[in-house]
Amino acid sequence: MRRQPARSPGCLDRHCLPSPTGYRSGRCGGPAALLPLLVLTIWALAGAGLARAQAGASDVSAGDTPSDRGESITVSWEPAPGDRLVDGTVTGYRILRSRSPEGPFEAIGQASPGAARYDDADVENGIDYFYRVETLSLEGAVRSPVIGPAVAQAQWINTNQWNVFVVLVLLLGFNIYYIESIRAGQKPFIRKIAGLEAVNEAVGRATEMGRPILFVPGIQDMNDIQTVAGITILGHIARTVAEYDSQLVVPTSRALVMTTARETVREAYLSVGRPDSYDENNIYYVTDEQFGYVAGVNGYMVRNKPATCFYMGAFFAESLILAETSNSIGAIQVAGTAMPAQLPFFVAACDYTLIGEELFAASAYLSGEPKQLGSIKGQDVGKFLGMVSIVLGVALLTLASVVGWEPLVQAAEFVREFWSTELA
Amino acid sequence: MNRFHQIVEFVNDLDKRWVFLVVGLAVVTSTIFRLTFPEIPTPMVRSVYEKVESLPEGSRVILPFDYDPASEPELQPMANAFVRLCAERNLKMYFIALWPLGQNMVAGVIDDILQTEYPHLEYGRDYMDFGYKSGNEGVVAVILTDIKKLYTTDAHGTAIDSIPMMAGVRNIRGFDLILTVSAGYPGLKEWIQYAGTPGNIPVAGGCTAVQAPLLYPYYPDQLVGLMGGIKAAAEFEALVAEAYPKFQEDKDRFLTALVRMGPQTVTHLAIIFFIVLGNITFQILRRKRQQEALKR
Amino acid sequence: MKRTIPLAITAIVGAVLVIAYFIPHPPFDGLREDFSIFFDIMATFAFILGGGNLIKMHGNRISRREEGWFFSLVTIVGFLLVLLVGLTKFGNPDGFRGSSVTASGSYFDHVYEYIFRPCGATMFALLAFYVASASFRAFRARNAEASILLLVAFIILLGRTFVGALLTSWLPDSLRFLTIPYLAEKIMVVLNFAGNRAIMIGIALGIVSTSLKVIIGIDRSYLGSD
Amino acid sequence: MKRALWIIITGIIVAVLVVRTASGNMESPFAGIEGFGTWFAALLTLAIMSFLYDDNPLYRFAEHLFVGVSAAYWMVMGFWSTLVPNLLGKLWPSLTAQLFMPGLADTTHDPLWFMYFIPMAFGVLLLLRLFPKGGHLSRWALAFILGTTAGLRLIAFLTADFMGQIRSTLKSVAGLTPAVLPGGSPSFSFETMFWDLVAVIAIMAALCYFYFSKEHKGSFGAFSRIGIWVLMITFGAGFGYTVMGRIALLVGRIEFLLRDWLAVI
C-alpha cells in the first residue's frame, strides 16, 4: 500500500474525500451535513454544463495546524464545483506560498481532487506566511485570492487525543481501584486457567524424573512487555524449582534478558532460603540471531533432554521448531505468548498454552502477590467497556444505515470517532 | 493383539522421521521435475478468463498496471498471463499506470512478452502505453470523459493524435474491458468506483492475496471477476494453457505460477494425507480401547 | 533504600513517557522516539555482558575439556573472527572509513552470505517439515475443540490446492456456500479475523495492565533483593 | 552394519560430487571465494537438515558455528548502526565524523544532544555488574529500561490494538453496500449481512472467553464456549494458511542446493 504524498495521513484519506462508501467526518471540518449539499450541488451543476465549472476553490483559509509541535500550517478550502466524482473536471489543487502578501508565490505542493485541506509542514514557527490555492482543471487554472498571514506555533496539549486520554484514565482508574480494593482485603474471583495449573505439575514431574527444566523467555528484548510477563512467571517457577531443588536452565536471546532473568531467579532462590543452590551459569546468553538461538536451544534439548519446557514470552517462527523438537524428546510443554500468529502452533504442538491475555493474567496470578490480581479485574473491566461499545456502536451504525435519520447518523459517527486514534 | 492392530498402532505413533522423509521427497521431486497440477479455476477466476475470451478480435482493453517491484513476485505471473491472452486474442491493449513504478512494469511486459513473443504485433497499432500520470483516482475520472485533456502524448512522447489505435477514441467509455493488476491504492477499487461503474465498463483484474477479501464485495455486480495472488494466477494459467496448448511446452517461461504451485500442492496433499491417516488410526484404536473397556 | 531509587526511576520514566504522548510541545514531542533509541543504545552496551558471558561459558568448557569442548572452540573462534572482521571492517573495498560495514565484497559480507544466511534460512526451512509432523500428531479428533481445529485446518489446507475446488465443483451454484473455496475464504476473512481481533484486544488490555503495574512498582521481581 | 551403510552412502555422494566437479558440471570449491562459499553454504545447509534425522556432529558443528558467528554479527551491527551514529555521533559529532564516518555531513550538535548522556550513563551502570560491588547500581539501569518499556508500550497498545481494533469492529451489519454514485440507492445482500453479523458475534464470544473474573457457567459459560470454538477456528485457519509460506522457504533451500550448488536444474 502506498501513502499518498502531500496529504495529512489518516484524515484526508479516510474522511474528507467525498467517498461514496463513507460518511464525512465532523473532525476534519467537513460536517456530515455537507454530503447532501454536495449531492445537490452536483445535481444542480449537471445541467449547467462545463462553463460553470470554471470556478475554483472557495472559502480558502490558512492557520496554525492545531495540536502539534508547530512547524505546520493548515490550508483548507471548499472544493471547486467542478470537483466531483462523475465527469469531474478538476485534476487537483496546487498550493502556493510566499513570505509577503505581494509575492512572489511559489508552488509548495499539490492536493488530489476531492481534497479540502493541505498541511504545509515546511514552515518555521513564528513567521508570517501567505497562501493561495490554485485549482487545476481541464479548463485551466484558477487562483484564489491571497490568504494570510498564518503563523505556526507549538501547543502544550494535543486536544486531538482527548478520547485516548479518556480511555487511558478509565482503564488506569479501574486497575488502580481494584488493586487498592484487594489491598484493603477484598478477595476477587478468578476463573480456572488450564495452563496455570499445569505449571506446578510440570515442575514436579521434572523433579521426579531428575531431569532439568528448560525455560525459554521468547526472543524479544526487555522492551517487549511479553518478555516482562515471562520473566515474572520465571520468578514463580524459580521459587518452585528452588523448593524442589531441581535444575532450571534459561538460555536467552538477549543480553538484557539474561541480566534481568538472573536478578529474578537469584531473588527467587533467596526468598525460599536457598541462595546456595543458585547457579548463574544456568542462565546464559546464546545469540541475538533468531535462528541461531533456536539452533542452540534445539541442540541443548536433544543433548540434555529436559523433562519440562516452558515457553513464555514473545515468539516468532521459531515457536514450532522448539515445540516439535522438545516433543520428540518427550518433554511436557507449557507455552504462553501474545503473538497471535504463533498461537496456532503452540496450541497444536504443546500440552498447555496460555493464549494471549492469559499470559498476562498468569503473570499476575503467579506473582504470589494478591494485589496483582487487581490488574486482572482491571483487564476485565476494559473488556466489558469494549464489548459494550461494540454492541452499542454496531447497533447505532446499523440503525443509522437503514433509517438514515441525521441525528442517529451523527451519534453513530460519534461512537466511531471516539475509538479512532489516528493522529489528525 | 492381532497383526492389524499392531500395524495401526505403529502408524498411529509413526516416527516423525517418516513424515520428514515424505515431505522432503515431495518437495525435491516436484522441484526437479517441475511438476504442475490441473488447477481447478474458481468461479471468480474463470469469469475473468471467459470475459477476455468472449471479446471479439480488435476489442479495446485498458490494462492498468498499478503495482511496483515489491509485489512483483506475487503479481507478475498474472500480469504476464493477461498480456499473453490479450495478444493471442488480438485485442487492442492500452497500458496505463497510476503508480510511478507501474510504468516500469508495463515496459517490462512490452519488452519481455510483446516484443519477444509477439513480434508481429506493432506498437501504436496493437498496443500502446499511456505511461504514468499523477493524480490517482483523478486520472481515472478524467480519462472517463476525455483522454486528451490529460494525455497529449504517450509514455514515449509520441503525440496521441498520431497513434493509429487512438483514432476515434475520445475517452475510455467505449472500451470493452478494464483489466487491472493492482497492489493497493490507487488500484482496482478506484477503477471500479471512478470508471467501471459510472462508465458502465466491465472491470476485471487481479490483486495480492491479502487484499482480495476487501474487494470481494464488488463481485459480481461491479466486478466481472477477481484474482487473488499466486494461486489465482496459477488457475488462470491453467485455463490459458488448456485453450492454447503451446504454452505447455515451456513451463518455466509461460506457466510460472503453476510451476510455483507444484511443490506447494504436493506437500499440502502429503500433509492432508497424514492428517487423514492419523485420524483413521486414532479412531480405530479408540474403538478398540472402548471395546476392551466394555469387556472388563 | 536500595530499592527506592530504582522504583523511582521506573515510575518517573514510565509516567513521563505516557504523558508525553499528549504533549506536542518540544522537548516532549520527540521524547518517545528518543527513549526508543536510548533503549537500543543500552542494549548495545549489554552486548558486552552477553558476549562476555558467551566467551566465559565456552571458555570454561574448553579449559575443563568437557564433552564437546571442540564445538565450543568453533563457537569462540567464529565469534572472535567475525567480531574482528566486523569492527575493523577488514577487507572492505573502501577501507575502514570509507564504506558501510556490510559493503558487498567485504569479508563481513562474505560471512553473512556464506554462513549466516544459509544457516538461518535452513533453520527457518525446517519448519516445512515440522508443520507436517505437527499436523500429523496434533490434528486428531480427540474432543470437540480439537475436532474444530482439525476440521478448519483441513478445509484451509484443501482450499490451498486444486483438490479443494475439485471436490466440490459439482455443487450447483445455489449451493455455492458449501464449496471448499467459499468456506475457506469465509473462515479466513470472517472468523479468523474476528478471533484474532478478540485476541488482540485482550492482549492490549493485558499489556496496559502489566505496564501500569511496572510503573507503579507492583511488578518488580526484576529488582532482586536488598 | 549400520555404520557400513552410512560409509557406503557417504562414499557414493562424495564420488558423484567429485565427478561432477571434475567434469566441470558444477563449480569447484577452489574457484575463488564464491566457489568455496557456495560449497561451504551448501554443506552447512545439509548439516542443519541432518538434524531432522537426529543430533550428530555435523549439526553440532553448524550449530556452534552459527551461534558464534551470529552473536558477533549482531554485535558488530549494533556497534556500527547504533553506537556510532546514535551515541557517539550525537555526543561528539565532529570526532565521530573524523574517526568513523567521513560521510557524516552535519557535524553540529542537535539542540537536545546532551540528553544522550542519559543512555550512556545508564549503559555504564549496567556494566558495573561485572564488578562485585556494582550489582545494585546495575539495577538502576534495569529500572530505567523497564520504565521506558512500560511507558512506550502502554500507549502504543492502548491506541493501536485496543482502540484501533474496536474501531475496526464498528460497522453496520445491515448488509447494505452504499451506492457507488451519490444519490443512488444502496444495495442489500443477505450474505453480507449474515457474515458481518457472524463476525460481531464471534468477536464478542471470544472476548467472553478471556473474561477472568466471572465464573464460566450458565448462558455466559455457553457463550464463552462458543468463544473457545472461535479461537480454535482462528488457530486452525492460521495454521493451515501458514503452511504454504513454510513450504516456499524449503523450496528456496532446495533450489539453492540443486541450482546454485549442484547445477542440476
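To keep things simple, chains are lettered A, B, C and D as they appear, and every chain counts its residues starting from 1.
The definition used in the following text is that contacts are C-beta pairs under 8 Å (C-beta built on N, C-alpha and C of every residue); 3 or more make two chains touch, one makes a residue touch a chain.
A quick note: this is a predicted structure, and the numbers were derived from the prediction, not measured.
*Asks:* Out of A-B and C-D, which chain pair has the most contact pairs?
*Replies:* Looking at A-B and C-D side by side, C-D shows more C-beta contacts.
*Asks:* If you average the CA atoms of chain A and of chain B, how many Å lie between those two points?
*Replies:* That pair's centroid distance is 33 Å.
*Asks:* Approximately how many whole Å separate the CA-defined centres of chain C and chain D?
*Replies:* Centre separation, chain C to chain D: 4 Å.
*Asks:* Take the average of all CA coordinates in chain A, do the same for chain C, and state the distance between these two points in whole angstrom.
*Replies:* 17
*Asks:* From the C-alpha centre of chain A to that of chain D, how far is it in Å?
*Replies:* The answer is 18 Å.
*Asks:* Among all residues of chain C, which ones touch two or more of the remaining chains?
*Replies:* Touching at least two other chains: 18, 21, 36, 39, 42-43, 46-51, 54, 68, 116, 119-120, 123-124, 126-129, 131, 133, 135, 137, 139, 149-150, 153-154, 157, 160, 188-189, 196, 199-203, 205, 207-208, 210-212, 214, 222-224.
*Asks:* Counting only residues that touch at least two other chains, what does the list for chain B look like?
*Replies:* 16, 20, 23-24, 27, 193, 198, 264, 267-268, 271
*Asks:* Counting only residues that touch at least 2 other chains, which ones in chain A make the list?
*Replies:* Correct list: 20, 85-86, 164, 168, 171, 223, 225, 228, 256, 259-260, 263, 285-289, 291-292, 295, 303, 324, 340, 343, 345, 347-348, 355-357, 361, 376, 379, 382-383, 386.
*Asks:* So what shape is it, when you link every pair of chains that touch: line, ring, star, complete or other?
*Replies:* complete
*Asks:* Provide the residue numbers of chain A that touch chain C in the complex, in ascending order.
*Replies:* Contact set of chain A toward chain C: 67-69, 154-158, 161, 164-165, 168, 171-172, 175-176, 179, 221, 223, 225-226, 228-229, 231-232, 235, 254-256, 258-260, 263-264, 266-268, 270-271, 281, 284-292, 294-295, 303, 317, 320-321, 323-324, 327, 338, 340, 343, 345, 347-349, 355-357, 359-361, 363-364, 367, 369, 371-372, 375-376, 378-379, 382-383, 386.
*Asks:* State the interface residues of chain C toward chain A in the complex, per the touch definition above.
*Replies:* 18, 21-26, 29, 36, 39, 42-43, 46-51, 53-54, 57, 60, 68, 116, 119-120, 123-124, 126-127, 130-131, 133-135, 137-139, 149, 196, 199-203, 205-214, 216, 218-219, 221-225
*Asks:* Would you pull the chain D residues touching chain A in the complex into a rising list?
*Replies:* Chain D reaches chain A through residues 48, 51, 54-55, 59-60, 62-64, 66-71, 73-75, 126, 129, 138-139, 142, 145-146, 148-150, 152-153, 155, 157-160, 162-164, 166-167, 169-174, 176, 178-183, 186, 200, 203-204, 207-208, 210-216, 231-232, 234-239, 242.
*Asks:* So in the complex, which bits of chain B are touching chain C?
*Replies:* 14, 16, 19-20, 22-24, 27, 37-43, 213, 216, 231, 235, 264-265, 267-272, 274-275, 277-279, 282-283
*Asks:* Which residues of chain D touch chain C in the complex?
*Replies:* 33, 36-38, 40-42, 44-45, 48-49, 51-52, 60-80, 82-83, 86-87, 99-102, 112, 115-116, 118-120, 122-124, 126-127, 129-130, 136, 139-155, 157-158, 160-162, 165-166, 168-169, 191, 195, 198-200, 202-203, 205-207, 209-210, 227-244, 246-247, 249-250, 252-253, 256
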